[in-house]
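Below are two complexes that have chain A in common, paired first with chain B and then with chain C.
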Partner chain A sequence: MTRDIKRPVPFGRAARAVFDLALEGMVWSRRSLLMVVLVGLPVLVAVAYRVGVAARLTASLTPFALYGDLVVFVYLRNILPLVALFYATALVADEVEGKTLTYLLTRPVPRPAILAGKFAAYAATTLSLALPAVLVTFFVLLTRSTGMSLGAGAPDLFRDLGVLALALLAYGALFTLMGVLLKRPLIPGLLFLYLWELLANLPGYLPRLTLTAYLRSLVRHRPADEGLAEIFGEVLPALLCLEVLAAVVVVCLAAAAWIFSTREYVMDQ
Partner chain B sequence: MTRSRLVVLSSMIVVAVGITGALGALYFDPARAAVGPLPAEGLSLPGDTRFVMGLDVHRFVASPFYQRFAKGDGTARPQAFKDLEEKTGLNPEKDVDRIVIGGRGMDKGPDGGVVLVSGRLDRTRISRAIETESKGVTHENHEGTTVYLFHEGSPRGAAAAAFVDDDTLVLGSQPGVEATITNYARGQSPIRANAALITLLEGLKPGSTFWVVGDQSVLSQMPMNIPGPGGQGAVSLPPVKTVVVTGELDPVVAVEVTGEAADPKAAQSLADLVRGFVALASLQSGQRPELKDLASAVSVTTEANRVRVNLRAPYELLDALQPRRPPVSAAAPPTGR
Partner chain C sequence: MSATIEFVRASRWYGPVIALNDVSTTLGPGVTGLLGPNGAGKSTFLKLCAGQLAPSQGEVKVLGIPSWGAPELFHRVGLCPEADAFWDQLTGLQFLTGLLRLTGYDEAECRQRAENALHAVALLDAKDRKIGGYSKGMRQRVKLAQALAHEPEVLLLDEPVSGMDPVNRRRVVDLVKKMGREGRTVVVSSHILHEVEAMTRRVLLIHNGRILAEGDVREIRDLMDEHPHTVALRARDPRALAGAVVGLPHVLSLTFGTDGEWVTVQTAKPDELYGNLAAAAEQAGVTEMYSPDENLESVFRYLVAR
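Now for the complex of A and B:
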């Protein structure tokens, strides 16, 4: 059966084809090598704690408290937003910079399908990197004979996995939008992460303007030393957090798809 | 299948295996999961527990509060801790993670409470210390666990202590300790039947240094009248259905008390009453100016039928509120025994 070449490829098939192509480019890249090292750092800390190297340094921390610190301070606040920044801003920007976007745009595929396929590849890659690392960190720390048992910590693990996945989707959607909007989105993205997101530690309604405040409210770990957050830290209702984060994902992706569909890309020669 | 898909699939298999393992641990763990800040072993508290208190010992010991008030001049540890460490090898400042107290209501009298102490406990040394250092200690076997009984046969009932596992010591009245051991050994969580208490626990702010939750049954035992200002007359207290207290000690002493009244009107009356006492303290500022600062550190808000009292007091204020001690003479004779 031959396809009518005058009609565009259906959305699902087009998105899937782009997904395969983008996944191959993302998984086997130098960027992924760097990200593996980044998400593997907490695992190394956990192993060091477990074999006793770091036990003296962290004598006041129980294995579960250390796991909580790693989830909140390392994964949720630093590593995963960075992972999202480096991958999601590159979804379109890399194609523009490499002047390969023309090859995609000249195919009879709907433009939103290109973005959907690329974002799905981003989600698959980042989740494949982050979730196993969190699980390994949890098991390395919580299988220690002292402190909280594995079973007692399990509900927090499930919650953490869900929140971290949501963090990757929310930050990913936002940085995809930035990647579509801006020619060089990396610096604004870093400024967003390390300046704007600090509003989460301020009093009043300002934290509600950040993603961190919603994500932080969803996890149950509350490390003791959070500076200003310790004074003003507010735990937002879980339902509100989920609604806001879901809205961020939908709105940012819809806006990115609309901009990507309507924008005219002129490749520099 | 492409190499990339294989990588993603392998990763998802790792995640699935990990989640299955955690689910298995959750299912087979005798104490199951925790509720709010209540640790897993806390679910073994007796079913008729009416209020629960918790203390995060690490945060407490690390707080300026402990450094200032519990340790005195900041260099000496409390003598009781030194004695305890000598006898049992237990350093409460480092080895104890948390303390949970389950109260069984005032009507239970001396059978009232059960205390769970969790941390890195040297079971052998502590057991030996109980057997050798304490007078009149007997022991019994309950559900395969050795329970040490103190003052067995006394009219007030025996006090008891037992290890429910290597990390958790349970202390309290004999019936309370035995009920906790039974629940722990059988993997039962009768406290979950108290839906009101569980709801309060689930709603607690995680990470508090200390917390208290109590349901209506314990609050119904509270006095309904308190002496009025200046000891004149009595002030009626609106009935409170539930109370939740959470507190932090670093960097300032921050305590939040939330009481749930029967309706918004009762909540407003309760809030007005608290505001009245705060205003009264403020009026005393002529004699003690620091009371004005204390009054301004307290805020009272109402939300539907809830009253929220917030205290945020810096340590300088607490120091100022301390009674002034006369300076100790350098030539004071040493106290001998």
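Now for the complex of A and C:
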């Protein structure tokens, strides 16, 4: 293959090469161990529920209602945003802290391709860990022995998987931007998740400034909310939700790529 | 000499700290030693060459192209950074092939080039071991291998032999000299004079962000010979030792350490001092001797003061 040394390596090839380099490090990291624990928690809840049912304990929730609660309150509202926060803010920060960014920045590749490859590795890692956990939760709760039909729940399952994947992408893009913009993005990220995102429970247009409102509107489960959310919870049109979430992904990644391309990274000795 | 690296009134500062100050110089093919004490601005000089930093003022060009914001330059430039940093979970071969893929080679060529580079630094036998399990010297060598695997025209090496054992140090020195002979522009930074001397006679002296001198390393040696040397001696009877050396014509000053065991002698001719010292040392029972001047810092201080 002839290389054109007057130009950087094409974007797609460069991003793929970065993806391959980044993937192994991401999958076999301590962060992934933490993620397995996090995404495994709802599975444990589901197993405990099944054990309780088998022991003929009285359950106040049906299996499907519990599954809906786990999807909306646990995966969508807490676990996946946290997973996105821990992974995506570290996409560049880890390389800076480990001083390995120099190796990537001294290759003939466009800098946005480095970010794209790393984001793709993030998406592959988190999706391949989170979605199977949701599947297992679903199957543990909704089997014949619990009196529920798997077939009846399947459309919801596929929809849930799609929304959860979108959540990982949207939060991931936002936190990638925070990661390249801020030196210490974890605290601002947590504040965003647990203060700003509470706006989703307020009346009027304020919920539209949160990701939660759009993601929550896309799932069919409507678990009983508490407090303000119970009073003001609004379901936004699905098309609007998809458009906004797609825009968040594109705009945040584009901004992150621009910042990453123009910023100097000084690796202290 | 055609210039492959060109600094035109280049300065670089980090906030209020000036790391490189109004530097103008050109470097051409062959090996050039970038010599200076820690914190002199050597790494900043190399980072400017490698497009890791933009000059705050002035211009830095490599192969005729401004180095900042020109990724295509890295087809022809290799950097061996100083930091001991790796993706430790990768093997030596994976590390090199991964980076070569980023340089645009196909799989087969990546592997071939990676193996050639690992062979050049004597790491082929360890190619399938994880870098996390490499010794410090092996890590230094694999870092060097990634810089030269794509056979760059310009090679920037930041303290490349630090932490290496003498055999591998020799190997790397030979490799650097060979690359210089092949017509590549090799810039090697170090704060140890004899390390640089082993690779080249052409040096660039840098101190406090300024180019202090550039030229043949022998000139630096001559300057060092004019520089008053300090020799510290520990003796059982330091006063007897002082009495023996104080009459020597080239001894400039003599001080006693506070612990009563050390004598510090300043001399204009260290070789003569060492020659005359044998008998006195035996009588006074000298147990330890070293020269605090055996580092570049004192030479630079001396040069700056001249």
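By our rule, the second predicted complex is superposed on the first by the 252 of 269 C-alpha atoms of A that agree within 3 Å, B and C clash if a C-alpha of one lies under 4 Å from a C-alpha of the other, contacts with A are read in each partner's own complex, and residues count from 1 in each chain.
Everything that follows uses one rule, which is that contacts are C-beta pairs under 8 Å (C-beta built on N, C-alpha and C of every residue); 3 or more make two chains touch, one makes a residue touch a chain.
It should be emphasised that the depicted structure is a prediction, and the values quoted were computed from it without experimental measurement.
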Simultaneous placement of chain C and chain B on chain A, clash or fit: fit
Touching partner for A:161 - first (chain B), second (chain C), both, neither: first
Touching partner for A:139 - first (chain B), second (chain C), both, neither: first
First, second, both or neither for A:221, with chain B first and chain C second: first
Contact breadth on chain A, by residue count: chain C or chain B: B
Touching partner for A:199 - first (chain B), second (chain C), both, neither: neither
Touched partner set for A:28, first chain B, second chain C, both or neither: both
First, second, both or neither for A:128, with chain B first and chain C second: first
Which superposed partner A:20 touches (first chain B, second chain C, both, neither): both
Partner chain in contact with A:8 - chain B first, chain C second, else both or neither: second
Touched partner set for A:265, first chain B, second chain C, both or neither: second
Minimum Cα separation, chain C to chain B, after superposition on A (Å): 10
Shared chain A contacts, counted only where both chain B and chain C touch the same residue: 20, 24, 28
Contacting residues of chain A [partner chain C, same complex]: 1, 3, 5-9, 13-14, 17-18, 20-21, 24-25, 28, 98-100, 102-111, 264-267, 269
Parts of chain A lying in touch with chain B, wherever the complex brings them together: 20, 23-24, 26-28, 59-62, 65, 124-125, 127-129, 131-132, 135-136, 138-139, 145-152, 154-155, 157-158, 161, 220-225, 230-231, 235
List of chain B residues in touch with chain A within their complex: 2-5, 7-8, 11-12, 14-15, 18-19, 21-23, 25-29, 31-34, 39-40, 58-59, 62, 94, 97, 120, 166-167, 205-208, 248, 250-252, 254
Complex interface listing, chain C residues touching chain A: 14, 43, 47, 50-54, 71-79, 81-83, 85-87, 89-90, 98-99, 101-106, 109, 146
